[in-house]
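My questions all concern the structure below.
Chain lettering (A, B, C and D) follows the sequence in which the chains are written, and residue indices restart at 1 in each chain.
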Amino acid sequence: LSSTAYGVRMLSKDLSNTKVELKVENLMIVTKKHDLSLLYLTRELVEWLMIHFPKITVYVGEDLKNSGKFGAEDICRDSKCDQRRIRYWNSKYVQDHDNFFDLVLTLGGDGTVLFVSSLFQKHVPPVLSFSLGSLGFLTNYQFEYFKDDLPAVLNSRIKTNLRMRLDCKAYRRRPPVTDPATGKKICVTELVAQHQVLNELTIDRGPSPFICMLELYGDNSLLTVAQADGVIIATPTGSTAYSLSAGGPLVYPSVNAIMVTPICPHTLSFRPILLPDSMTLKVRVSLKSRATAWAAFDGKGRLELRKGDFITIQASPYSFPTVESHPTEFIDSISRTLNWNVREQQRSFT
Amino acid sequence: LSSTAYGVRMLSKDLSNTKVELKVENLMIVTKKHDLSLLYLTRELVEWLMIHFPKITVYVGEDLKNSGKFGAEDICRDSKCDQRRIRYWNSKYVQDHDNFFDLVLTLGGDGTVLFVSSLFQKHVPPVLSFSLGSLGFLTNYQFEYFKDDLPAVLNSRIKTNLRMRLDCKAYRRRPPVTDPATGKKICVTELVAQHQVLNELTIDRGPSPFICMLELYGDNSLLTVAQADGVIIATPTGSTAYSLSAGGPLVYPSVNAIMVTPICPHTLSFRPILLPDSMTLKVRVSLKSRATAWAAFDGKGRLELRKGDFITIQASPYSFPTVESHPTEFIDSISRTLNWNVREQQRSFT
Amino acid sequence: LSSTAYGVRMLSKDLSNTKVELKVENLMIVTKKHDLSLLYLTRELVEWLMIHFPKITVYVGEDLKNSGKFGAEDICRDSKCDQRRIRYWNSKYVQDHDNFFDLVLTLGGDGTVLFVSSLFQKHVPPVLSFSLGSLGFLTNYQFEYFKDDLPAVLNSRIKTNLRMRLDCKAYRRRPPVTDPATGKKICVTELVAQHQVLNELTIDRGPSPFICMLELYGDNSLLTVAQADGVIIATPTGSTAYSLSAGGPLVYPSVNAIMVTPICPHTLSFRPILLPDSMTLKVRVSLKSRATAWAAFDGKGRLELRKGDFITIQASPYSFPTVESHPTEFIDSISRTLNWNVREQQRSFT
Amino acid sequence: LSSTAYGVRMLSKDLSNTKVELKVENLMIVTKKHDLSLLYLTRELVEWLMIHFPKITVYVGEDLKNSGKFGAEDICRDSKCDQRRIRYWNSKYVQDHDNFFDLVLTLGGDGTVLFVSSLFQKHVPPVLSFSLGSLGFLTNYQFEYFKDDLPAVLNSRIKTNLRMRLDCKAYRRRPPVTDPATGKKICVTELVAQHQVLNELTIDRGPSPFICMLELYGDNSLLTVAQADGVIIATPTGSTAYSLSAGGPLVYPSVNAIMVTPICPHTLSFRPILLPDSMTLKVRVSLKSRATAWAAFDGKGRLELRKGDFITIQASPYSFPTVESHPTEFIDSISRTLNWNVREQQRSFT
């Protein structure tokens, strides 16, 4: 058994080192909306793709459809390309075309990458993210070098980081019904929301002056009853986001863990805890809680949870593959953004 | 690729839920030495095993060989058993008999379990640990109930937790030699110690008044240069030990991570970090360090590291299987010992 | 100068050890409202005071005026006392009678003591707080022993802890006006709220999904621009309340400091800081902040702060004197409530 | 009483704003030894003082007495000064001349300032500290501008920060003696060391593999029994040194507190605590401790403490006055060195 376990570990390692060849036909571009400067950069990118990759059809957001500044017709005329090679996506189109796109390019910051995650609630194509200024945790390519980087990605074998997402299902407690046959009361719950999150699910007291009381279950066993401003259920990818503010550790993206980080806990002993990603978690607003709680999914989709409502959380079958720019990109990102490490000697304060 | 990753995760889950049947012929008992009260409990345990499990040969520590208080002969006479069924182990015997023991029983505290880990530097048999007083992190059975618990373990299928150990190799830097052929200098290092640790490797400044400067590498890339009193490289099992004192998070035993926790770091941004257990780490005393450093392996085997000396750390192929008393034993242990959780409502301090 | 500083320190020490004799004529009783069990205890207390301290007039909350369960008339008849010795207070009465009450007794928890603080926005009489169950940080007397404790307090010299309060003034930014003489724009601000807080002022992002950007000034110098979920400006008394949840240290009540504790800061280097209580602080919502902020005063009086609005904070001239039950009551309270210390040996987790 | 307390607070404030005029006749210069580049800078400084401040006698370290590179004779000849105006100090001279020096200038880092503190175990003259490179916490003047800064200090009224020091007395437990009169055993202790520390007293387990058990008393009441790698008893000045590494808060130099920060405590609830500087602390190695402990005074004077030995700590009557370069020097130093604050907007990591 011990050697099987070791074999699984080696399998994981091999898997994370596997390179795959992308055969890109349908390429999607996602940018931050309402940002004029991005429009011109998008145009530059599309035109370059038209010219250099004649087999690729490019999908841009439908808000660019009639944009004179983007100028799809001009691009095609200038690059002498078939107009049908520039197409438009919207949220519904993405939803209806599972397994359709071969690659997603993003222009923007980490927020744009999170938006891509929210678009693809099922299978996610590889995502390559350009930063326009300084690199972020999720944006590991610089736009200014796209003409160097994209051919390498499109023409050869690449490595992707399969970032675990959490499948969160929110259930509302309904009035119990009576079984007409037995006369027994039956608990009734209703699924009211479902989200795949890339960073974290946050459950907090929102505007309430009272702390909330949250029951945390793992595989249906009660782990703890948290009295706190809230709890964060984070992926390794989310370890550099809100969880870090709340005191959580850094977690390498490929670690197989779900992290529970309390927000301002009301006991001194409530340390962050890392649970295996094979565990199914449940957070339930205690019936004794003085306050309702508010859930947010990657910071969006705010939802009020009343007493007895709960959310189940488990590792999603739909992970989020990001194209790896180089093997040390995670350490580089925490060094750069958090000063976690500097390659030169750390400045000591004593 | 994404679905393969999901498959590996499910495989891990299945593996951790697999029950195996122990066929115990050679059973080893390990107790804390020089503790008289333990002697009588050991005797009680051995006699009970003699009577109820006639196929089992019991090995006790050789310090009991001529102990009148233990009284091997009396046990055999009283239980009418063949005297050859009580035998004696010592450190060398264990070393020479790889894959020989089918089960280890310990009487004592977590320290006794760590001692078992140090004895078995290669393959480790399943370990079942009795606590004499309050349960610990690694001692999940109470001795007072052994007559109920042992038959269940010995006669039916059990679950073990395969606790990852770290394979630590310490290398001393020797004077470089000159290649007579090319005239080039060649670095020379010598392996001076190797330990499988269950909790942690600690590298600290020891009695030096100066902090040490430690280079941390992951898969041969420099991750950071730590200026601190030291660093702790811990397993998930070790997350409840020294790493916790130094500010590290709690980590469920089955999470596939190696944790790096700084001890009193000299920068504010050096948070604990969890790295994948497929990574090979290296900690090297910087040539610029003002102080030498001291390594300790599960708190033992203290070794001075001079400038240029280093230790490599990787997940050991020899994990440490502990017999699981019940599925929530980890959460129970942190609740009980750290007050991490109380099943009743946590007492809030506001 | 050095010896003068030492003199001031000794003066502080003497001052904190000074005992004073209370001459109580007007005694106020404050209890948690809407709690029936408290009504009977209050009645018991009042009747006992009537009988044993004939010179004292007792003021109870006006909600008891016509309460049959309290039964003021019955008390007076039973204790053969003048009915004018039981009187009634309300918020306005307290406000109009500065320096009138000689002692306040509270029955309830720490929340009731905070309520007394909010009632007395100027001079505060000594406050003696009874706990009904387990003692709190501010409730250092047990109600069950009041017949032993009160005579000691009323008949002899007592020590009070002069707990520093913070005088918080919230200013709203109004549209600038033009000076008709010079044509220059003049900033206009309006005082919109003022509170003396005993625990803390909290400024956080409330229900906003965005973090807030808060400028912190000390004596009109910019100390930092905090990007965080919020900041807590706490007294030493407040160090055991919300600040502790957010990671702040414990502070002995007589330390002359104002503590600034960030809530989930977005940089790793924003440690809590203790500033001298002779400093005037100002927290201003940055004009660049994406979110408005919400202020709360001892958890009450929630107030939205828009960009440019600010709050000034300084040590109040009106400190909050609590009657000391015994010299180690602070250490006892943190031991009891936080397990900070146990008189027996601490249980170690390794 | 409340208004007296307020008066004392205002007195403190006034005191900390008081400017004094230095009348400097005897000026002492302290530099890091064995640093050749400092020798030339010292020479430059002395020569400039000779020329511009004819009433000042300069004392340099006696290791410069016969240093050709320093060249006292050359200085006097070049500056046409009386040779008696350059004199030499050593440790004993300083000790024998209490209240003799009017100003100390240091060239070096914070370590040099700590060395000055160790030299002056009683009254300390104002200390002005030059940094040679980047400013430190205690070195607030840049040497390159000394010709601008020194005249301002020597000719006009200045402000000093009276930094509290801790008076630490170490006592060794001797065998008890029997009182011949009564036959009773009498505890005997012997004072074995006394130090005024500017940063902190550290008591830790040193090279011992076991944690130490330390009893902490405040005004002779047991506050806690710490099981930890050690404890740090720090001044506000020391809050930016070792205490910070161990997790302590930042404390403004004028706050009247003594900080107790545990090093790797073995309970989750042992938060740092700030005690009033009017309290006398005592740290005693418990008779039950498995390890001895090691004390260090500002990182020096390492001393082993055996079971029953103890150290008393109280605010020293001899504070350490540093010349203030500008009112925000503390905040500037923590911003600069810790990135605690940056005047521009903090970079957020989300």
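For the reader, a short list of remarks on this structure follows.
In the analysis below, contacts are C-beta pairs under 8 Å (C-beta built on N, C-alpha and C of every residue); 3 or more make two chains touch, one makes a residue touch a chain.
Not measured: the values here are computed from a predicted model.
C-beta contact counts were set side by side for B-C and C-D; C-D has more.
Our note on geometry: chain C versus chain D, Cα centroid distance of 35 Å, whole angstroms.
In terms of their C-alpha centroids, the spacing between chain A and chain C amounts to 44 Å. Rounded to whole angstrom units, the spacing between the C-alpha centres of chain B and chain C is 50. The set of chain B residues touching two or more other chains comprises 242, 244-245, 266, 268-269, 271, 338-340, 347, 349-350. If you sketch which chains touch which, every chain touches every other chain without exception.
Within the complex formed with chain B, the chain A residues making contact are 1-6, 8-13, 15-16, 18, 20, 123-124, 160, 162, 211, 213, 218-219, 221-227, 236, 244, 248-252, 254-257, 259, 266-279, 288, 315, 317-319, 321, 327-328, 331, 334-335, 338-343, 345-350. On the side of chain D, the complex with chain B involves touching residues 206-207, 209, 228-229, 242, 244-247, 263-266, 268, 294, 296, 299-300, 302, 338-340. Per the touch definition, chain C reaches chain B in the complex via residues 110, 240-242, 244-245, 268-269, 271, 337-339, 347, 349-350.
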